[in-house]
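Before I ask anything, let me first share the structure, which is written out below as structure tokens.
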Amino acid sequence: MKVVTGVVGNDIHVVANRLIDISLAERGFEVFNLGVNTYLEEFLDAVIETDADVLLISSLNGEAEGWCRDLQILKSQYNFRDNVIFMIGGNLVVGETTAEEIVPRFKSYGFDLVFHQVDLNEGLDQLELFLKASK
Amino acid sequence: MTLLQREREIIVRNEYIDHFDFDEVKEFISGASKNLFISHRFKNSKEILVQPRGGFPTYDKVFELYKEFKDANVDVLPLTIDSNTRLNDYATAKKMLSLSEANDTDMLNGYPLVNHGYRTTRKMITHYDTPVSLRHGTPDARLLIEVALASGIFEIEGGPITYLLPYSKNFPMDKAFLYWKYVERVCAEYSKLNEPINRESFGPLSATLQPPAIVIVIQLLEMLLSLEEGVKSFSVSFSQTGSMLQDIVSSNVIKKLARHYADKFGHDDATINLVYHQWMGAFPYNREYSDSLINTSTVIASMIGADKIITKTRNEAFGIPTKEANALAVANVKYTLGMLKGLPKVGDEEEEENLTNEVHEILEAVFNDGADTLWRQVFNSIKNGYIDIPFSPHIINANKVITVRDKNSNIRFFKRGSVPISDKSFAFEKSKISLKDGDRVVDKIIQDIGIML
Amino acid sequence: MTLLQREREIIVRNEYIDHFDFDEVKEFISGASKNLFISHRFKNSKEILVQPRGGFPTYDKVFELYKEFKDANVDVLPLTIDSNTRLNDYATAKKMLSLSEANDTDMLNGYPLVNHGYRTTRKMITHYDTPVSLRHGTPDARLLIEVALASGIFEIEGGPITYLLPYSKNFPMDKAFLYWKYVERVCAEYSKLNEPINRESFGPLSATLQPPAIVIVIQLLEMLLSLEEGVKSFSVSFSQTGSMLQDIVSSNVIKKLARHYADKFGHDDATINLVYHQWMGAFPYNREYSDSLINTSTVIASMIGADKIITKTRNEAFGIPTKEANALAVANVKYTLGMLKGLPKVGDEEEEENLTNEVHEILEAVFNDGADTLWRQVFNSIKNGYIDIPFSPHIINANKVITVRDKNSNIRFFKRGSVPISDKSFAFEKSKISLKDGDRVVDKIIQDIGIML
Amino acid sequence: MKVVTGVVGNDIHVVANRLIDISLAERGFEVFNLGVNTYLEEFLDAVIETDADVLLISSLNGEAEGWCRDLQILKSQYNFRDNVIFMIGGNLVVGETTAEEIVPRFKSYGFDLVFHQVDLNEGLDQLELFLKASK
């Protein structure tokens, strides 16, 4: 399984990104880590180039919404193969909002899995469950 | 006209700002209230100054934030700048500012100072007649600091290393050095008119398992680069390490070495202060625990005799704090500081000796670099990994240093990479680490990052 | 049958308790779980044990309180006794207990242990299998401690001085000494069966401007009176003074002198532990500040290396805390203690020397009293004002000592009354006090009482 | 002006009592301080004996209600001269209750002035105002 990952936008919070890289590798994924400060188009290009199964985006500084709300539109322009999983997690908005409010919103932007203030291991467990279920 | 002045004229000729009147600014600074100068406060106060973080897009919201802070008895007000301005994208900042003003929501994560301009901002700052500190993270801060100083903001945070390695992925490092040279020079010039402008370095860096030796080396180098340009008041800083002992040791060593190196380089007339940042790493998702953490770091700040403390809030893990939560934190910190008087002097000889040695060893390597200027020596030292911080997002950082905590939570070098500490110093570090058989370093690191959770 | 046993038989023949089966109790204690003995925890734990305060009238409410505490990871559970029981008024306690049970409101400010009886109470205590500490304030605690020990409560707080001078207006002091002698002996007897029963003195006294020298003298005397009767595990204690330095100095001195005097009196086999009480004086009417205060005292407890800390809550100024607020405090304290490891050893030679001298000077006068037994020497010393605590409600207390805080908040003798500290020691104290011309002592005292407000 | 003061019931909190003693004296009152642990009857006896103008009761440990709710009844048994002011202050109940709830309750027990969790100086200022007004 191939995963493209990185931190979206002008966000430079790198700590979780390093840990995600390690954890994905340990779980047997082939990881392409674009690092911090990566724009949505760069992510999508990388998914195409690597023929990835999963795109796992992090966002910590609250910028996620601004950078990701056009995912749906971009998805329709790119020609993804079926079953690419779009996943985002971290601290997704500025200020405080509940997950109940945020998750549906980000799903409507085109994400399959959304994790607001959720530990990465729990998120990765969920990813594996999701992968199993959609097999 | 000097070369610097010519550059300044060009910098301020910018479509996003009104005519910049250097003469008027000079006059303003010459006659400005002493209360606006943190350098003046440092001189005349024995108490630890308390400074929060904070900034909002609109003038009115910042004005209210300041009111809230003043009611909480703040000593130094912050002005945190939005991220577009940090990247010199004044067009976007302008657009987002009008949207924020029109819709009464925050479309920026800070105050777009350049767009507001110095004439407006100065009103607020002279109104509160309290020192303001500029918190940004801007590699090219030339225009920003011109506007800040003209507004009455007489403390400028940052530096070519500390605002680069933790804050940027690929901004060219040589440019950062040159742009910051400009900042230092302008601060130095204005320092002649009234009380000195204070410059402050950003010791927390990536805020994650930063080895004190590297932090101190970087602090001292940014200090020297600044004093070299004529700055007369400088603050070195570091953030809570997670070990009270390591904080105490770091403080004793940085105070001693800052004075030592300032004098050695001929800057005996410069004042050096120490700033302590409350825990800058990952906060617990628990407001009560966060309060406990914040309070504990306040106690430590008192114990190490910091000159200023920069505060966090109980909302840290959740998101940008409201002005109320922020002011509450200030009030609590002031309360605690008020109860801590006449604290004992504390230290640890062996630890201090080791840390001092490490700093000297690294600095010696930096100063031995063949380059002709200090900034180029530093530049080379970062490039070749003499200076290497864990968890930097910047591509130039070597990323070979690995640190873990010992059983008392002190941060220790596990791998020294190319950092030129001696075998003896490294052996001391390694001797403190106890990884049990079968323990994986990565698990240890994850645990050590999450020490406060 | 020994004389003591005969007295015990009489004491437990009381209309408010069921038949007291000494043999069964002996068997229970002999076979009791080691986890119930705090003396065992002290031996096997390097961490500071955390103990809150708390007690409610009904069994069910205490059961729930304990559950809440256990969820907060408590180390030692408290059982606070109601004030009727403290005055041996079991009839009123019984009436109020039935009212509390019937109406589901608290008609008592603690747990009427005697009325509940040991058969019932033991169920709860063995259920949680955690050490329980008896907090009362009872001058005649003979029956109470019989029931407590039979219930599985293996730590008994109090003493003839510390539960008298701050807690009573006119209870006869000689009786207090004799009744407490009974308590010590019973504890000593039971200590032979399994792990030792721990006795703890109450160092906070009136919790208001108590001079450390007097506190330590009283702690040492109650310790000696207890060890003299065969107790093998004893905790001395004191409460936060309001000055971190004074806490550190007090701790260093009390640890050293407790061991010194225990050994000197032939009790080298006794274990002595140190208990630190979070601030016991007037709390601010501000929950945030109270949290800050509590956290700061947790840090101090760590620094002084206490073996146990007794916690307060953010509700202190307002009223008896809910079980939730109480458990929250425990969780926060545990969190903070968890982050403090490997703290530096701290001290102050001059202050420690002075405090040590004062304690020796007072004790010398006590031991030089002509009476034939230690308790009578102590009795006389209190009567003639060698031992004199500020703000005691008891009529026997001399009330001639006046203390104020110095500029670093250390508590100093302003008037020594008849306390036999030397002129040199007193001069040291006076030299620290700076009352400005025209300052009235009473204003200073009011200010010093309200130091945390 | 004569004031009888003390702490009611089995309450031994003595600190405020000492301060009240000093403050009253400074304000020119003649003070009869019965100290802590004083029962209501003892207070009333002292008022009669000293011919006091004010009875100022403190209570800190939450027992006030139990000890004072019979004041009205006792007042009718004793033969007080007109204008004796009955005043109570401190921390008047166990647990937390608001002053709004407590003040009327204690007034109904027969107190003229009731102060729950109010600083003593503020209370004494109010007393002096009350004395002036009732002259």
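Lettered A, B, C and D in written order, each chain numbered from 1.
Throughout what follows, a contact is a pair of C-beta atoms (placed from the backbone, for glycine too) under 8 Å apart; a residue touches a chain by one contact, two chains touch by 3 or more.
Values in this document were obtained by computation on a predicted structure and should not be read as measured data.
Q: Suppose you hop from chain B to any chain it touches, then on again the same way; how many hops at least until you reach chain D?
A: 2
Q: Taking each chain's centre as its mean C-alpha position, how far apart are chain B and chain C in Å?
A: 46
Q: Centroid of chain A to centroid of chain B, CA atoms only: how many Å?
A: Measuring from centre to centre gives 31 Å for this pair.
Q: Return the distance between the CA-based centres of chain A and chain C, expressed in whole Å.
A: Taking the average C-alpha coordinate of chain A and of chain C, the gap between them is 57 Å.
Q: So which bits of chain D are touching at least two other chains?
A: Residues: none.
Q: Write out all the pairs of touching chains, ordered by chain label.
A: Touch list across chains, by label: A-B, B-C, C-D.
Q: Of all residues in chain D, which touch chain C in the complex?
A: Going through chain D, the ones touching chain C are 10, 12, 14-15, 18-19, 22, 35-37, 61-63, 91, 93-97, 117.
Q: In the complex, go through chain C and note every residue touching chain B.
A: 242-245, 248, 284, 288-289, 291-293, 295-296, 298-299, 328, 331-332, 335-336, 339-344, 346-348, 407-410, 451-452
Q: Enumerate the contact residues on chain C facing chain D in the complex.
A: The contact residues of chain C facing chain D are 83, 87, 106, 109, 166-170, 206, 208, 282, 285, 315, 317-320, 322, 391-393, 442, 446, 449.
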